[in-house]
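Multiple structures are listed underneath, in structure tokens.
You will see chain A twice below: alongside chain B first, and alongside chain C after that.
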Partner chain A sequence: MAQGTLCNRQPINTEETLQALLADTQGKIYYKEMQELDVDTTALGLLIEKTCKSRIRTWLSICAKCGLCADSCFFYLANNHDPEQVPAHKIQSTLGELVRRKGNVDNAFMIRAMDIAWGKCTCCNRCSIYCPMGIGMGVMFSYLRGLCFSQGFVPWEMKIGSGMHRIYRAQMDITSEDWVDTCEWMVEENEEEYPQLEIPMDKENSDIIYTVNAREPKHYPEDIGDAAILFHIAGENWTVPSKGWEETSLAMFAGDWEGATMQVKEVYGAIDRLKPKRMVVTECGHAYRATVIEGPYWAGLESGKTPVETLHYVEWVLEALKTGKLKIDPAKKIKEPVTYQDSCNYIRNGGLSTVGREIMSFIAEDFREMKPCKEHNFCCGGGGGLNGIGRYRQQRNVGMKIKRDQILETGAKLVITPCHNCWDAIRDIEEVYKLGIRWSFLKPLLLSMVIVPAHLKPTEE
Partner chain B sequence: MAETVEYNGVSFEVDEDGFMLDFNQFAPEWIEIVKKEEGISELTDEHTMVIDVLQDYYKKNGIAPMVRVLSKLTGFKLKHIYELFPSGPGKGACKMAGLPKPTGCV
Partner chain C sequence: MYLFITGPLLWFSFLFFIIGCVVHVILYINGLDWKLDRVTYTKNIPYGLNGAARSVFFWLIPYGTQSWRNNPAFTLIVFLFHFGILFTPLFLNAHQVILRERWGINLWAIPDSLADVLTLCVIATALILLLRRIALPSVRILSTFHDIVVLVIAVLPFITGFLAYHQVSDSQFWLMLHVLSGELMLIAIPLSKLSHVVKFFCSRVQLGIDFGVKRGGMKSGGMKW
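Let's look at the complex of A and B:
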């Protein structure tokens, strides 16, 4: 059975294979090898038999092909109602066929399935809420990704991402030492302005354990500093773990079920070790989905819940605003028109739709909803890992037109994006379509308007 | 998938996000291209120092460094790195140094 040296069925488990893949810029050799990659139809058939349970089989069989899902899909709308973009068609012609044929498919079929699973669907799950049969499309596309991954048909960047998790327990090459060093550095960088600032490491029995996205220590450490300052101002008894600090899961996006399980167990291990009362997840959508919604099932937790109660960062912010732990200076509230990007992963798929609106009532004078919004909001255009995959850049940019138009209709020039993926997508919308908009996480906005208690300010010499 | 951009007769293959495809093709003309995109009017010694550090690290490790490493090796505070490269160390600085686009959620 032909397998490539870079593109093959083995997950990345060593630094050497990871380095070799990284050196293949843009996955040129990788995708060339993919053209020759054989499908192990026996293994694929067995995997389907073992993992395709009654729920997915039922969904596939009860789909009435009514087409009501079509208008719910931003890809369908952005591509002039192309029938190839109808969600029911996309899933039936890939996963449906795979199951019906019991895995007996060829290379061309798998490459097409990959291009649909990652390039024409962000697993935003919007179509599911309009399906009269209640079919969970995001679940099925995620499952399809898992089948593709098992045979090595996965976009280059996703294979790298899942390999990073397997090697570093983080989506980027950040070790525990790197993470601890970065936290210490962020204290140093901010202690002049906040003299007693600390990032408590591995403190047991704290009220909050805070976990982040690996891109924060790798590329955007200010996010860690901002979080620390806000916890400090709010007077929280908090900690970060030296291990198990990474909440995200490119392994989930890659369809690497084993890698996703390894990752989430690392986070739960930190909870078991440090025994915090609650966990707070940074401003990331898919981190919340991976660790709070899907993670308990991957880790085999019978409760279906995280080991301790978990809050998305927006929930912590709202609680802190309501309890007065964070007090906003009314004169510094946002005066200009501002809109809010609902992250699919914790709004539509996590039930937190009202939280953002309540936060807006504390911090913004002219808040403007996108239409539609909340559970009905459209994906930013880059979810599900799509932002990070070069192979589908043009498709992504076309799909982003829907979000672009939604933002333009609000008249707002500032978009609040409490999700890393949405933050990137809105940035890229500006880069591609030049709307003259700005985008921000909540943390820097809160820091610009929060009242710092006198005892936390530097003493004047 | 690759496109070509040119400055003063020197051309570079770039990826879909405008990052240079082949690090070995790096030439001073590349900096001129990215400078304009990044809105940097005057390239200072400090910009050059960041670029040199990124390139050295990439040559040794095959990947971009985390920002902490960049700060240690240049002696620059995070705020100053952003002053030098407004779109951030992971994007603007890596792009100007000719590194490939960092993978993952960036």
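Let's look at the complex of A and C:
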């Protein structure tokens, strides 16, 4: 059974193997080895038998082949209606075949399946709401990713990402110390302007436990500072955990269910330890999906819910605006046309479609909807981990045309993107297509217009 | 021969159809697994019911969902086709006569002229669906032999019934074929994709529960299909 040293069926469980994989620039050796990687058809067949039950089998067998899902997929639209991009075709020719052949497939089949599961689908789940038969294609693509992962057919970056979660319990190599240091640093950075500012670490019984995306401590620490200032201004009794602070899950994007489970249990562990009343998740879509929507199931929680009630950051913002905890200076509202990017993960798949609009009514004077929007919005083009995969960069850039056109149509030059992946994708849309647009999370915008109560301002001496 | 076809074989077909459908539903429900599917089927039940009801209801209404509205012509064809297929045989006068003679059951029957129109509707819409399958690249790529065979099986009783009623050439021959093709359809339902007669509801209810209890239904009040 040929297995590579870098590309193989074993998930990354040691720092050493992770480093070796990272050292292989752009996964050159990794993908080369993949060409030779054998498929363990017996194991694959068994896995399918054990995990592919009536729901997926029914979906696969009742597809009416009506093609209504075609127009729902941004990849199909962006690729000049290429029939190869019809969701039903993508799933039937990969997962459908795999199940029909009971896992008896070869290397070339698996590489093609991988190229479709990651390169032609972001698991945005839009096709599922356009299919008359109620076929959950996004769910099936995600399941397909799991099958591919089990055999080692997974994009290089995703294998690394899942390994990061397994080793650091974060999508990047950020240790608990790094995280705590970053929080302390952010307090120091801002304490001159906000003298009593704190980022309470591991405080028990607080009202809110706040959890983030590892990119924040790694690349955008000011986001943590902004969050702290806003909680401070709102007078929240909050905390962050020193362990279990990372909400995201590249393991989920990789189809590494074991890794995803480890990650989410770390967060729930922090909740059990610190006993907060509620959890708030930063402005990230897939973090919410991983920890709030899917997480309870991975962790085996029969309620299907997180251990304590969880809010996405936008929900907290709206609550703070409605209750007056955050007050907006009317003179500082956004005057220019502005639009709002609905993240598939917490809008279509999380039910928060009205929240963004209500926030806009507080902070923007000329809010413009994309068409379509809310549950029916198109993926930014970078979901499902696609932003981070070099092998499919070109395909992603083509897919982004749909979002580009949606933004252009609104006439707005500012796009509010309360999701890390959407934020990246829209930044890249600008980089690739040069529209002259800007993009922003909510936090910096709110900070620029919120009224700071006098007692929180530095005393002048 | 005729007696066999309209007697034991008819009984067999109906039984096969009913038992087959029931078995499909039982196997479907049996195969649901809250952990594998990652949907709590037995928790948060009011949300699940709301989700399931929305998921079925809006899709059963012509133009009730965004997907139907985005495809107005196709939607019209699909609804006409299904309406014709379900409604016509149930309320056809000739079928009512059989019911009355055999069991004394008196149901409302539609005028034969309406039955004719509906029958032609079924045949015409089936033809359009077939042509669409061949003409549109996005649909052609999906189509298999199975898809065409089930369409033919579904319309055969209508073609033969029409010919028998209008006494084209040997009406006894067409009548036999009509009964046989009806039986073929009944038997084919559990064995083919026509099982969507029941699985449509299984799948829609399941996805509805998924959106109802897990994907936002508890926060939004329900998916806007």
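Going forward, the second predicted complex is superposed on the first by the 461 of 461 C-alpha atoms of A that agree within 3 Å, B and C clash if a C-alpha of one lies under 4 Å from a C-alpha of the other, contacts with A are read in each partner's own complex, and residues count from 1 in each chain.
Quick note on the criterion: a contact is a pair of C-beta atoms (placed from the backbone, for glycine too) under 8 Å apart; a residue touches a chain by one contact, two chains touch by 3 or more.
What you are looking at is a predicted structure, and each value in this text was computed from that prediction instead of being measured.
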After the chain A overlay, clash or fit between chain B and chain C? fit
Among the partners chain B and chain C, which is in contact with a greater number of residues of chain A? C
Considering only touches as defined above, state whether A:M370 meets chain B (first), chain C (second), both or neither. neither
Which holds for A:V39: it touches chain B only (first), chain C only (second), both, or neither? neither
Once the structures are superposed on A, label A:D424 by its partner contacts, choosing first (chain B), second (chain C), both or neither. first
A:C131 contacts which: chain B (first), chain C (second), both, neither? second
Once both complexes sit on top of each other, what is the least C-alpha distance from chain B to chain C, rounded to whole angstrom? 23
Residues on chain A touched by both chain B and chain C none
Per the touch rule above, chain C residues touching chain A in the complex are 27-40, 43-44, 55, 59, 65-68, 70-71, 74, 78, 133, 136-144, 147, 193, 195-196, 199-200, 202-208, 210, 213-221, 223-225
Applying the document's contact rule, which stretches of chain B touch chain A when the two form their complex? 1-2, 15-17, 21-23, 62-63, 66-68, 71, 77-79, 82, 88-91, 100-106
Listed in rising order, chain A residues that touch chain B in their complex are 19, 22-23, 25-26, 157, 160-161, 164, 171-174, 178, 181-182, 185, 189, 213-215, 217-222, 225, 248, 250, 387-388, 390-391, 393-394, 420-421, 424
Which bits of chain A are touching chain C when the two form their complex? 51, 53-55, 57-59, 61-68, 70-72, 76, 81, 83-84, 86, 88-89, 92, 125, 128-136, 139, 293-294, 297-298, 300, 302-304, 346-354, 372, 374-376
